[in-house]
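Notes to accompany the following structure.
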Amino acid sequence: MHKPRGHKIWYIPDGYIPATSAGSLTSHESICVLNCGAEDALLRITIYFEDREPLEDIMVVVQGRRTKHIRTASLHKEGQSIPVNVPYAIEVQSDVPVIIQYSRLDATQAENALMSVIAYPIQ
Amino acid sequence: MHKPRGHKIWYIPDGYIPATSAGSLTSHESICVLNCGAEDALLRITIYFEDREPLEDIMVVVQGRRTKHIRTASLHKEGQSIPVNVPYAIEVQSDVPVIIQYSRLDATQAENALMSVIAYPIQ
Amino acid sequence: MHKPRGHKIWYIPDGYIPATSAGSLTSHESICVLNCGAEDALLRITIYFEDREPLEDIMVVVQGRRTKHIRTASLHKEGQSIPVNVPYAIEVQSDVPVIIQYSRLDATQAENALMSVIAYPIQ
Amino acid sequence: MHKPRGHKIWYIPDGYIPATSAGSLTSHESICVLNCGAEDALLRITIYFEDREPLEDIMVVVQGRRTKHIRTASLHKEGQSIPVNVPYAIEVQSDVPVIIQYSRLDATQAENALMSVIAYPIQ
């Protein structure tokens, strides 16, 4: 009845976790996933770097008929997480179609800066 | 003569209404709808959350040959509206094709931050 | 030899010219057009409003193999231009394929806010 | 095994390198490229201007299974680079499919402004 919508593979080439926060908010990035279908979505996230091998197969579940705004700083696998102040890129594979938007709040300065994109889907 | 343009289903995974405003402007989000056709568009909006059932079937009309910039804080249905400071996602279904862009002004700090995306259309 | 690229119709639902500028920069929006082909592109711009008839057929030329970043405040036709502080939407039709991005610098506060989207193309 | 993903031609109509930086960060733009495939990607970048001939065939390599966040101010060819404070547009051609996002940090004021778009792909 509730159909899954979107795509199973999404990309975000510009990932970056600012190291510092000067205002009342904390710098962070979110991978915002919408799962319109009735079934849970199992996400498999790969992080690409400029100068080392990718960090692969970070798993996250998004329940059916729910959204989940995932902070990239919370992602980890076997003790590894994404370092701050390092350019990286994100691949999200899902077992069911989902829709993904990426947003960054940069609070390096006391006043905030925001950016957001709909991630790039592959059929 | 004036053809409707765009799609009938659009998604915005990253919805968020900031609770506070410190500057001369008020934090807000807008769902900006363009209806190029001659007929009115009847929108049916669903709000998805992280931890509760979706808020469904909020209805909005956009006249033909007009745009409407809808503040999400103004949406309500049977006394329910979107709470502030809560991550959510937006689905907009329209009975005729329309084009949708989403923008957020965050005035949590005295100086503003802006973000904007073209919503994600489903054929 | 130099092929035109992109689409002939593009939409930007969220247009807005901030009335005031407090910092060293001036609030403005730009419709950024890239014409990759050898021939000039003739643009026909329509402005849609919330509460009045569209302002139609504003004409702009973009030379071949050039970009043009058009300030919306500079658009006018028979003495009519886009009022400030009013929500509106933009349609750009071109006689040859072009690629269009829209950006806004909001300098209402002393510190700036930026947003940008690739406009929405119709085949 | 590791398939290349994305497209071979991408466009960013709104390029602009702010001349000044007032805060602790430096104004800059990045062309963020993700190369998911096993082979290196050879990029050929063309810069379009408003009032002069394009600057063509700037070459950049992105290794396989890596991302590269390329500062536009670092691009140069035969002593020519992109001038600051000048509107321009970017074309990126790659010999293998890649995915491209463009982001700008404007630190003209002490507090930062950010914008980002997924570049526009041509099949």
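So that you can tell them apart, the chains are marked A, B, C and D in the order they are listed, and the count of residues begins at 1 in each.
The rule is simple: contacts are C-beta pairs under 8 Å (C-beta built on N, C-alpha and C of every residue); 3 or more make two chains touch, one makes a residue touch a chain.
Predicted model only: the values in this text are computed from it and were never measured.
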Copies chain D and chain A - interface residue numbers shared by over half, same or different: different
Chain whose Cα centroid lies at the greatest distance from that of chain A: C
Equivalent-chain rotation between chain C and chain B, CA atoms, steps of 5 degrees: 90
Separation of chain A from chain B, taking each centre as the mean of its C-alpha atoms, in whole Å: 22
Distance between chain centroids, defined by C-alpha means - chain A, chain C (Å): 31
Set of chain A residues in contact with two or more other chains: 110-111, 113-118
Chain A residues touching chain B - in the complex, by the definition given at the top: 5-6, 23-25, 30, 32-34, 36, 65-69, 99-101, 103, 105, 110-118
Contact set on chain D toward chain C in their complex: 9, 11-14, 16, 48-51, 53-54, 87-89, 91, 104, 106, 108-111, 113-120, 122
